[in-house]
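Take a look at these structures.
Two complexes are shown next, each including chain A; its partner changes from chain B in the first to chain C in the second.
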Partner chain A sequence: MSDQQVFAGALLAAEPSCPPGLTAWNGSDPGRRFAIYRNNVVVSLIDALADTYPVTQELVGEEFFRAMARLFIQANPPRSRMLAFYGDRLADFIEGFPPAAAVSYLADVARLEMLRVSAYHAADAVPLTPAEIAPLLEDEAALPTARIGLHPSLKVLFSRHAVVSLWAAHQTTDVTRALAAVDSDVAEVALVLRVGLDVEISRIAAGAAVFITGLEQGIAFGRAAEQALAADDAFDLAATLGLLIRGGAITTMIIPRSATS
Partner chain B sequence: MNKTLTAASLALALGAALTVAAAPVAAADEKMAMEKEHCYGVALKGKNDCKAGAGTSCAGTSKVDYQGNAWTAVPTGSCEKTVSKTSPTGYGQLKEFKAKMAG
Partner chain C sequence: MNAHASSVPKTVGATCGLPARGGVGLKPEHFREVLSTKPDIGFFEIHAENYMVDGGPFHHYLGRIRERYPLSIHGVGLSIGGESPLDADHLDQLARLLDRYQPESFSEHLAWASHGEVFLNDLLPLPYHAATLARVCDHVDQVQNRLRHRMLLENPATYVEFAASTMAETEFIAEVVLRTGCGLLLDVNNVYVACVNHHRNPCAYIDSLPPDAVGQIHLAGFARDVDAAGDSLLIDSHGAPVAQAVWDLYRYALDRLGPLPTLIERDNDIPSFPVLLAEAHQAERLMRDAVANAAATPAAANSSCGVGA
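Showing the complex of A and B:
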């Protein structure tokens, strides 16, 4: 191992130790100085996770969260210079973390919080205005073949838990009261979308989720709508399109040339 | 069951969506204008800062004392206030961790 690897390993190791060969310019104890640096590294990473996952932390308390974060950091050192996306695997870690098993929805809440950060940093894209979409109605027969491109920030999260309601309850001033009205065992689908500079989270119906996921996969408009209707009798296409258009989520809508002939 | 949607029904839904969406367009335009002022430097707060601030022993020991087994302590979060049908108490639980960890 190189000196650098030894040094980096000692920074994140579970037990404090000082890499051999360190000296201080003024003759002070290098072990003590290294411990300060080590603590800085770990605490700053824990703080970064706490910034990204505020609701996850509130759900289990600061003490639990920070202890869990420390173990996560030891197993998952940063792989990128960008701290903003650090901890994108925390949800997976939580799923395999026995002490958190009783809080079955914790991993999905963490997933939602990471999607918020990703949406915040996603690329800009100019949404289509209703006036730009309207001409597509002129070629009704070709409409089912249209490909609808969605905003880069848009993400759909399927959860077996009330992930949106749990998250939303923590945005209120009286969290305890808001939580009392939430049944965490109700499955919910979250739509994450940045509108302007604000990341918005909304709960969408199962059919809408299937439709949007289909579009994300590049499936044609008509086929995506059929899949949604097959999955959910109550699928409301007009309402779903309205939601997407209002949120500026539709960035391209193209009818393939071959279909128009 | 194979459900099909006619081109006409797709057009109808899209037309309805466009009508509904027409009203808030002005607001969307305002947001677009704001977007031109994107300042990436103000993104997620404090990510690169030393939280303890200048003049303090930034490393300090204030947070170093969190033990790896801190979940054995009583949690202060909202988990236990969150309704859970599958939980014997009717709420999310963390207390049983203590038993689990000791075992």
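Showing the complex of A and C:
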């Protein structure tokens, strides 16, 4: 093993150890000095995870979160030199982490928080204005064939838990009171979207979620609407379009040439 | 000038493009305030890796702030002192960032931060000997050629030394400068921290570096600890105001080097913007004092070292 491989291994090892060949001017045990590096590495990465996952941390408490984060880091050290998206596998780790099993919704809240960070840093795209979209929506013959391009920040998260309500409760000043009103076992779908410079998280109906997911996958407008209605007979196409247009989520709208003739 | 130095690409931005004034690190929590209050400050600095994202508020605000202020881009992830080859993708991303923002200065560290595929998110120490010297010079050459930008190399804050070292850190750094033509980022806090930790004279450390190579100065705060023998061990925390001993050493450096672009670094426990701005202005006052002293008494450059380690 190379020197740096040994050094790196000792930095991330669960048990403290000190690589060979280190010295101190006063002949003192270099292990104590090496521990500064161990601490810097692990604490800076725990802090990075805490920045990304504030609600996840609040749900289990700081002490539990930091202990869990330490184990995650030892098993999943960063593979990228930019840390903005470090920990994108934390939700999967939580699902396989028995001490967190009692908080059944924790992994989905973590997924939502990572989507929020992804949306914050997602590529910019200029939304179509309502005036640009209106004539296309009025073209009833061509509209079903239209392909809608959505903003790069837009993501949909399906959860068996009340993931949006739980997250929203933690944005309030009286979290305990807000949480008391949430039934965590109610399934919810989250829409994550950067509107201007701010990431918005909202709860959307199941039909809207199927419609938007269909558009994301490149399915034609008409087919996506049919799928949404099949999944949810309360699907409200006009309301869903209004939500997307107001949020600046529609960036392109292409009607295939064959349909325009 | 030797053969290596002459091979450095003549660059777009000369590294001395930053004004000899105080600057601060640009923090997301200060974006709006900077744009609305337009503070009187010499430059802003960003960490390159934080801006390797596709879009959103970071680029929105940096673009607007960069239009008004000189910019220093400081890398923390290149791992120039690493045994592994430089990460070509990372270098490409850096090149794109420099191309987009055209900074007046680009700097990186004499340290390593990753091994194999794992990124350790800390500036880790290396032994100083012929083999590591050759490797660091090779990496600096690669960076300067790819970025078409002369880089500044920052002296590290370290907590351990290596039995394998055959050169002093300053000797190693001076040799890298000579062989690659890179400049130096003199981190005065790191000098102080390393000299306390290794029982050296910080003024002698500064005197051992090639003065003409220094293109920028960093100042920051440290935390205190002790080693296994109970001796002082300082930690480069970037989480406190600049300590008086570091201001004193800065004054010593200014007497030797003249005024230089000076960054106040703060990455933890970030205070309100005016607090950072006040530290940048303090650096500018000391620069003016140094110029005035030099004019009044040319012998000031021989002032004694008032900073003990």
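Definition applied: the second predicted complex is superposed on the first by the 252 of 261 C-alpha atoms of A that agree within 3 Å, B and C clash if a C-alpha of one lies under 4 Å from a C-alpha of the other, contacts with A are read in each partner's own complex, and residues count from 1 in each chain.
As a convention for this text, a contact is a pair of C-beta atoms (placed from the backbone, for glycine too) under 8 Å apart; a residue touches a chain by one contact, two chains touch by 3 or more.
Note that the structure is a prediction, hence the values are computed from the model and not measured.
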Contacts of A:V195 with chain B and chain C, given as first, second, both or neither: first
Chain B versus chain C as contact partner of A:A205, first or second or both or neither: neither
Partner chain(s) touched by A:A168 [first = chain B, second = chain C, both, neither]: neither
Partner chain in contact with A:F7 - chain B first, chain C second, else both or neither: second
Touched partner set for A:A231, first chain B, second chain C, both or neither: neither
Which superposed partner A:P99 touches (first chain B, second chain C, both, neither): first
First (chain B), second (chain C), both or neither touched by A:G21: second
First, second, both or neither for A:F221, with chain B first and chain C second: first
Comparison of chain B and chain C by chain A residues contacted: B
Partner chain(s) touched by A:I36 [first = chain B, second = chain C, both, neither]: both
Chain B and chain C contact sites that coincide on chain A, given as residue numbers: 36-37, 40, 44, 48, 83-84, 120-121, 124, 197
Chain C partner contacts - residues on chain A that touch it in the complex: 2-5, 7-8, 11-12, 21-34, 36-37, 40-41, 44-45, 48, 77-84, 119-125, 152-153, 194, 197
Chain A to chain B touching residues, read off their complex: 14, 35-37, 39-40, 43-44, 46-48, 51-52, 57-68, 70-71, 83-84, 98-100, 102-106, 117, 120-121, 124, 126-127, 129-130, 133-134, 136-137, 140-144, 166, 170, 175-176, 179-180, 182-185, 195-197, 221-222, 225-226, 229-230, 237-242, 244-246, 248
Contact footprint of chain A on chain B as seen in their complex: 1-5, 7-18, 20-22, 24-25, 28, 31-32, 34-35, 38, 43-48, 50-51, 57-61, 63-64, 66-71, 73, 75-79, 81-87, 92-94, 96-97, 100-101
Sites on chain C touched by chain A in the complex: 49-50, 52-60, 77-79, 82-84, 87, 90, 112-122, 124, 126-127, 159-164, 197-199, 225, 227-229, 231, 233, 235
